[in-house]
Amino acid sequence: MAKVRLATVWLSGCSGCHMSFLDQDEKLLELAGEIELVYSPIADVKNFPENVDITLVEGAVGNEEQLELLKRIRKNTKILVALGDCAVNGNVTALRNSLNNSVEEVLKKAYVENATLKQNTPTHVPRLLKKALALNEAVKVDFYVPGCPPSANLINYVLNELLEGRTPALEGRFKYG
Amino acid sequence: MPDGVQQTGLKTDRRLTLLEAAIKKHQYRKDALLEILHIAQELYGYLDKDLLTHISKLLRLPPSHVYGVATFYNLFKLKKPGAHVVTVCMGTACYVKGAEEIVSAIERDFNVKRGGTTPDGKLSLFVTRCIGACAMAPNTIVDGETIGKATPDEVLKKIRAVVGVEKVEAR
Amino acid sequence: MKPDELRNLAQKEDELRKSYRYRINVCCSSGCMPFGALKVLSAFKDAVKESGVEEECYVARTGCIGTCSIAPAVLVEPGDYLYQNVTPEKAKEIVKEHIVNNRPVKSMLYGNEAYFKKQLRIVLRNAGKIDPLRIEDYIAVGGYYALLKALTRMTPEGVIEEVALSGLKGRGGAGFLTGLKWRYVARATGSPKYVIANLDEGDPGVFANRTLAEADPHAIIEGMTIAAYAVGASKGYIYVRSEYPLAVETLKKAIEAAKSMGLLGEKIFETAFSFDIELRLGAGAFVAGEETAILASIEGRRAMPRPRPPYPAQSGLWGKPTLINNVETLANIPVILLKGSEWFSSIGTKNCTGTKCFSLTGKVNNPGLIEVPMGITLREVVFEIGGGVPPGRRFKAVQVGGPSGGFLPEQLLDLPIDYESLTKAGAIMGSGGIVVLDDTSCMVDTAKFFTEFCVDESCGKCTPCRAGLYKLYKILDGFTQGEGDIQDLDKVEDLCEFIKEASLCGLGQTAPNPTLTTLKYFRDEYVSHIVEKKCPAGKCFKDGGGAGS
Amino acid sequence: MSKTVELTIDGKKVAAKEGDNILKVARENNIYIPALCYLEGVSSLGGCRVCVVEIRGSPKVFASCVTPVAEGMEVITDSERLRRYRKWAIELLLAERPHVCSVCVANGNCELQQLATELGVDHLRVDRKWTNYELDLTHERFAYDPNRCILCTRCIRVCDEVEGVHAIDLMLRGKNSKVIFDLDDKWGFAESCTSCGKCSAVCPVGALYVKGKPLSEVKKKELVSFVMSRRSEKTIG
């Protein structure tokens, strides 16, 4: 039987969810028998591949490049999973949405007010979106795994359920924050 | 005034005398709060914090209660309104017949948001829910005068005539 | 006042009325006032004086005649000649031709007989025909006789029985049997008891109650006093929107007049019954019309509804038994007592007796205040009384029941107007607004407008109404700007169900109606916005995006 | 003496004091109904609508905290519909203001967070509102972050009914409602406040809190019972 093609993606987040993914420790070895990791920050693959079965996405959508990528992910993925609070609801990444002129204020704060050298906002990088988005504000999401980060056990549970073709039951299992 | 009531920042003047007389007439009853707020607004034009503090002391009501009531009801104004007041009716009939276009036109030409006052304090723009002249919709009230079946241009013309400015440029 | 004094006064006034050959009724209600009604009134007075016909012709300042589209309107009796868009100049000519030369000015008459043909005026029996500021006018047409009858010849239980037999239902919207409500209050223990007349008509586009108060305030006061006698109350409040200055002024003067004549106060008609009425002003909160919120507001608090039970009948104002009736309900009472419950219940349908006042507005040729027997069809109201939509336009929908009433399409126009049928179709009787929409109205935009109204008016106490309605508004707003996808419609329906079922009071429970009915009857318009990014009526997508029609 | 009535909750027969609400009776009988704005010892609000239940014979749902028990009543505390409604209630509260658990003092001690877990609100179907109310740190011991407030009014009720002060109330209405001290004054300058701390003790989320301490150290639950015992002393005394 062909292995399940799994991808993990890191958008605007702290990578904590990926750390938690790695914290599955020896269970990763069990998973390895069933999956093929086709795209991930921990695997050196440049372009998001086609025909992906499951993609775990960490982080909110913060800039135009990420939005593009997410749309491609959606197109190429059967099951899209929002991994962690940033992907689920914006979390810390989206705190900037509370500022009135979100983008300008954030950039000014980071690159002008708090900078000691070269006080100007970067221009040769992807433009920030007006608001940081939770994944489901941009594309259809199939499953959600909240947590900051979600525990390794929870990630493992969800992956196993999906591999078994079942719908993970989240009630009582997760915790925001 | 009952004993123990401290004066607040309010000036002792005719308005205050009238207000206190009205409160006395209502026998300092707590349930008369809405009536008192109506009277206070009529006398002062709007309800500032000193005024509300004074009312709360006279009626022996917690300040938070008085503030809660004064802000709950739309008609009570907590900020000083402009010298001229334009109110656009946003009742169903007026909405269906284009009141929104009138409001947008005023907002655009006079640089004022609904519910707000121009920076120079000359003009306040309010929207209201149904003044009851639905058959003459859309209706706009400019300083108390109702203009029925009005187009945005007619309303703007009228406001310019009353306020005496052509346009307020956006800053 | 003694019973005889009422009879004598009525007789005297009647004779005085009859001594005039003509009576000119100038409508000075809120609908006509902004268009110069007072100037017309004084023009008539001057013209009558100048023409030397003062002895023959009486000029009266009256309330609403009902034809708001021809403001200012003037009614000349006898013969009920209705003049339209009268100006001071026209007034002169009317006096010269109609009064002096006895030749009605045909060119100025409102020639629309269909507007009145299907109407039946019980509540508005005196509207436009008496001077609301003269209590003598009201007494001349039989006013306060019902109160006299109740106090001197009926027991409180007898009054309740008569009202119960009439089948009268509350006109404030919910349609609860009035007689039953009175009985609950009458049987409740606790003293004193209160009566509240609800005139907090905050619905945009609804002005029936206000018009009633402006045109015939004593009908409300009399009905209220009878209700007080029936339930054993000694104090009453009329809660009126302060946005209705003319109604407030008229009621204030009417209460004073009734007091000075002894029709309110101690020992009315020399019986043991005493009753006093106080006016309470709202301050701009639609939700204050809800019956537990009105209690909070009269007690000087934020008008936040509370859960029932306890019902106001058991625990109302300051925890005392309280009867809350809409003013239209109360204005029916005197007629029911004078003409009898049998007469009343012969009007309308079996389950829904009497008449209902509606403000007919929107894209209709003859907007105005109408009163029709229950059971009349919407088609009759829109096309016969209302004269249909403006020329060249196509009827699209009619909304019944104010901001939280549903929208009904063409195929439901033969629905009879009664509480049950309307509720079944997703509309409500509400407080009596009928808004007609034609093909220039976008149903998505209209649903958004009413949702926004309810968002603004939500008191904020419960989650579904406070947070749910706002999110509903945001979603609808998104649709009008080309956002959203087709699956969102299921989400909208699910959210609406939650708001409708789980909200604390009637505001939240009915607020999703416009959305739900437009989704049900005009789903294609939503699909068009979401899928094709097009607004069939050409209203939406103003800021770029897909173009309209 | 008040009468006793018999009713069933989820098929279990229970006896209750007439006039008590369903939620209180259920809790006394160890039947769990999720609830949020409810606080034993103060008046019920019936606002959050999380505690909705069904009553056999009625198509409606009822907020159990404000629905009195009645003889022969059959209460149903769990159904597909109730779960759907409760989920909406929590979801809408989470979306109403920027609740970010990971940076909240109440993380791990928050009733809203706990209910989201329990009811499986693992994502939001509606856009979040990112309010930007100013954080009030003017009081020397307490802090108030309106961005985390869920308008349950527990603080208002406890301040009014237990402390007897009524320093707190709501201003504005609807979606703009905000919990305020005095005339929307900064907490540190609100003259009515007695700094008793009851409001922060009963806050189910991280809106009102004791400065410098994570809530886990404040042991909120114990404080609540402390507040309530004080109340009963007061009533008896």
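As written, the chains take the letters A, B, C and D, and residue 1 is the first residue of each chain.
Everything below uses one rule, namely that a residue touches a chain if its C-beta (ideal position, glycine included) is under 8 Å from a C-beta of that chain, and two chains touch if they have at least 3 such contacts.
Worth saying up front: this structure is predicted, and the values here are computed from it rather than measured.
Asker: Name whichever of B-C and A-D has more C-beta pairs touching across its two chains.
Answerer: Looking at contacts between chains, B-C has the larger number.
Asker: How many angstrom between the C-alpha centroids of chain D and chain A?
Answerer: Centre separation, chain A to chain D: 33 Å.
Asker: Nearest whole angstrom, what separates the Cα centre of chain A from the Cα centre of chain B?
Answerer: 50
Asker: For chain A versus chain C, what separation do you get between their C-alpha means, in angstrom?
Answerer: Chain centroid spacing, chain A to chain C, equals 57 Å.
Asker: Express in whole angstrom the distance between the two chain centres, defined as the mean CA positions of chain B and chain C.
Answerer: Taking the mean C-alpha position of each chain, the two centres sit 26 Å apart.
Asker: Residue numbers in chain D touching 2 or more other chains?
Answerer: 125, 127, 170, 172-173
Asker: Using the touch rule from the top of the page, what residues of chain C touch 2 or more other chains?
Answerer: Only 285, 302, 459 qualify.
Asker: So which chains end up touching which?
Answerer: The set of touching chain pairs is A-D, B-C, B-D, C-D.
Asker: Quick one: in the complex, what on chain D touches chain A?
Answerer: It comes out as residues 94, 98-104, 107-108, 113, 116-120, 122-125, 127-128, 130-132, 147.
Asker: Which of the residues in chain C come into contact with chain B in the complex?
Answerer: Touch residues, chain C against chain B: 30-31, 34-35, 68-69, 71, 202-207, 210-211, 242-244, 280-286, 297-303, 359, 361-363, 367-368, 399, 403, 433, 435, 437, 441, 446, 449-450, 453, 459.
Asker: Within their complex, state which residues of chain D touch chain B.
Answerer: 165-173, 180-184, 191-192
Asker: Using the touch rule from the top, collect the residues of chain D that touch chain C in their complex.
Answerer: 45-50, 52, 60-61, 63, 66-68, 84-85, 88-89, 92-93, 95-96, 125-127, 129, 151, 170, 172-177
Asker: Within the complex, which stretch of chain B touches chain D?
Answerer: The touching residues are 49, 52-53, 62-68, 71-72.
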